């Protein structure tokens, strides 16, 4: 339709009709120097392509620890581009015999995609305490509903790797053992609210660096 | 599983795998010194247990007023810990003969729990104008859907007390009489939009401190 | 404004202008005979005042059990009137020495209001594992953010009672001990994902009726 | 890029890569024969262009009534295409001297656009009871926040027409006078919760068809 | 009920019961001088009636351009009063032969109301690529679901005008042609991702001021 | 704390306190035989671990087509377990020279994780038409905000594979070329709303199977 002779005119006029339209919020890259809000961080100015890109999941996490596993997050704190977009990610490296201990994500559901090895994963429903468990191979996915206790461990003969995606930019991670034993919650209280034996509580407090 | 000899090693290594995980937003205690946003106040830094605790509902409100009732709020303005959590509370004290006049909460549903006495409560649906009313005794609960006109009054022979919870941290409270008669909305306008008589409007404007 | 002579005319005409307005959704009392949806149950027809009222929290729960506590819910399953309204409630009865064991609500924040006695309550943040704890007396309130581990126990010399409100109609309740020990999750898996000793796991599985 | 010789091949192959993608929910036209849910009606099958189109606002409403005004809704009940889309509309016709009486929309904010005549409109904030009022001419818009009392009346010498849009498919409409006087709410209760005189209440109950 | 002799007393006491209730968020007029957040701008202080009113849609947009159309927005950037209210608006002026080219609103559904002339409008569903199209006359409305490609053009013999409302305060506007041809996206990339011919791409890049 | 002698008693009593708690909604696996709702499908009964697991992304999609690419979805239609959980996934296989043409997801943001090869990806902002583009290698992630036009193509010398996660269970996929050329939208309309030449439109309509 556009006739070549009209082009010079077209350039200047075509852009005009919408020129008043500024301030659109296509995205809101987090300005981590500001205070967070219930809906996420204020938006930073001066965004570039690098804000939507993250390289931090490319390298394996260091699994030379006792749980033989590493969780490398790409949450809003590491990857500010996901702020306000309802999504984030993490990388899971689990060496042979390794485990991601029982935990919840208070603020997101999780979708796990196995990229290497074999992972045994499970979650537990709330009132009925039903266990849902699966052995996952390369290419398999499993979903863990928001807030429910779940775990993953390496179920095979080689290292396992997974990408996990979350339904929010800041899912949180509450590891039950850390919540109970890696702080100053008094042993007597832990025992009262969990029915665990005193010796067991003190042993794990010692292991995980807790006091009291 | 954890062998005692491994404990010292475990302490240092177990914490490492997740050490990059900061900035999680488990909660967002309001920093009331900042501007509010559509999703609530920015989060304050330096939170402690006291931020999640409120003592202000423990004492009875002063019902020595003509409506013989008092509403003591624990909204985000009084109890910043509820910011972003989708909940807040208030205490209702209604002396014998007292009333919480017809009102709405524009931004939350309400759940009322009677802790002392007898309360007559009702709400009115919108298009059909149906009245839903109940006599509530100690231990009873009633729910009032968001934005609908409702009222409570003491229906018994002693003082009544209730705890009310709201489905948002800042429910708002619009008392119909105050909206009509406690401001400078001209009497002629009030009459036009309510069909009330001029004498009635002027009487209540005088009672409630309105002008015009 | 309304002149008495106009009244008969007014009756018939005034209602007309809005007569086409039906199907308004002021509320959506759950029809529990239908399948749930991600946003709650379909709405039942034929609603009356009783649908917005619940008596089930008036009586004390039976605390003659080993935890010496009872949780009486008024969630959507018991109180269909809260469906879609973003709120629900429960009653907590905790006898002397009783405890509501460590648990989470995956789908709501909780606001607790003490109506009798003394309650010691605490919650634990996720990544930092910080403990927030308070001793609560009659009239005090405390808020527990969604999805975080928390507990309550009777901290005084008499029975304690509390009303708890939730920021959703179906908050869920996942008690850590039940999730671990009251089902068929194999002991070996429990031990792997919690670092608990085999004897401890088997003891609690036996106590809580678990197998495997 | 696409070479003409490749076209026959291209046709058959290009569609294949995404062929498994069904069940996308671009929209969800209401099936009004089903029960509503808290998020809106179930989606009807067999949608056509007519489902996204509504003619019902083209004709003026009948203002031959005492308020000399008509509200013609295009809510989900009349225009099922808006189901789940977060928007709806209505047409306002206000004859000279006419008024849309004091009311709220419990479930949506309102944006009013004057297409003919002059409208005086106002709303009242909740706790401070501040009145925000404007005289609106053809082409002007005004926004009324969700749940707040507001009114519109013809402020000029000719008929006024406005299009109003709502931030939800089912905004509701609670007219204060109808809620108080057009049902069986007993006069004594109305008087108690509004401080109106008995004669005033009975007069308006009579006018609006209420009983009790 | 209110006895005239009680009035002076009533004035001072009636206001007391709710005096602690401040900080209610009935609305949140945008403070455009602050950074945006994922839920909208922080609220400005010192609000007046003018903040809820906008005159900018009263005058016709200038259609003396090649598309013979103008979109005049009343989004949060132009009309800060809609911040947080889930609604905004725009005015469409389409001269004879004019067109609003193929576009999407990434962040809102659109409801179009024709106030003058005849508009041909259509949208296209995602996976099935079904076209939904209608000829709209004065008073007709049509709804365009969020994120779907749609267009409007003048289908009659005179200028057309429409008011459009959006289900969010900042809907965004992505015009396909501008996204492809009015920037520095290299022609080779455009061709690769659209199958358009090189000559076509270069012609439109030239027309719309793109480079590369 | 739990004494062995108390165990038989404990078993029967411990479960009692919470026995009334049923109907919790931890998850809502889609019952695809029911009508969808704006919030997702009704929940199916009789859920098992298999409902949260999906194997369909394990195998490479068939890229023997002209775009040399395949998108294999794990949306709610293929993987009902994600219903209501705010997340879904897909697998991208792009052979050498292959491309995922310009498209949007109307109902979700996208997070892409490269598992093999090199992908060139970009998106375009709305009002400013800014291009954000990156070359992604194995392990890199990029996020594409909801509703914005974006594309991916193989930028390396071998096949590329990516897992993509979405911030919703039913993101939709609108490929611009398919929306324009793979249906019965008349060529004259396409030309009017895109400024493309008639020959170009007819060529691509022929390629993509469109008519008109």
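Labels A, B, C, D, E and F are assigned to the chains in the order they are written; within every chain, residues are numbered from 1.
The definition used in the following text is that contacts are C-beta pairs under 8 Å (C-beta built on N, C-alpha and C of every residue); 3 or more make two chains touch, one makes a residue touch a chain.
These are the chains along with the protein names UniProt gives them: A, B, C, D, E, F = Germin-like protein.
It should be emphasised that the depicted structure is a prediction, and the values quoted were computed from it without experimental measurement.
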Out of curiosity, which chains are bumping into both chain B and chain F? A, C, D, E
Listed chain pair E-F, A-B or D-E that repeats interface A-E [over half of contact pairs the same by residue number]: A-B
Would you kindly say which chain has the C-alpha centre located farthest from the C-alpha centre of chain D? A
Taking each chain's mean CA coordinate, chain B and chain C are separated, in whole Å, by 18
Quick check: how many Å separate the C-alpha centres of chain C and chain F? 34
Approximately how many whole Å separate the CA-defined centres of chain B and chain D? 27
Provide the list of chain B residues touching at least two other chains, using ranges where the numbers run on. 2, 18, 21-22, 24, 26, 34, 37-39, 106-107, 122, 125-127, 133, 145-146, 148, 172-173, 182, 192, 195, 197, 203-204, 207
Can you name every pair of chains that touch? A-B, A-C, A-E, A-F, B-C, B-D, B-E, C-D, C-F, D-E, D-F, E-F
In the complex formed with chain E, which residues of chain B make contact? 32, 34-39, 61-67, 69-73, 75-78, 106-107, 170, 172-173, 175, 182, 203-204, 206-209
For the chain B and chain A complex, residues of the former touching the latter: 2, 4, 6-7, 9-11, 13-18, 20-26, 28, 31, 34, 37-45, 83-84
Complex interface listing, chain D residues touching chain B: 99, 101-102, 104-107, 122, 124-127, 129-131, 133, 145-149, 151, 153, 172-174, 176-180, 182-185, 189, 192-197, 200, 203-204, 207
Would you pull the chain E residues touching chain D in the complex into a rising list? 1-2, 18, 21-22, 24, 26-27, 48-50, 52-55, 57-59, 74, 79, 81-82, 85-89, 91, 108-111, 113, 115, 122-123, 125-128, 132-134, 136-148, 163, 165-168, 191-192, 195, 197
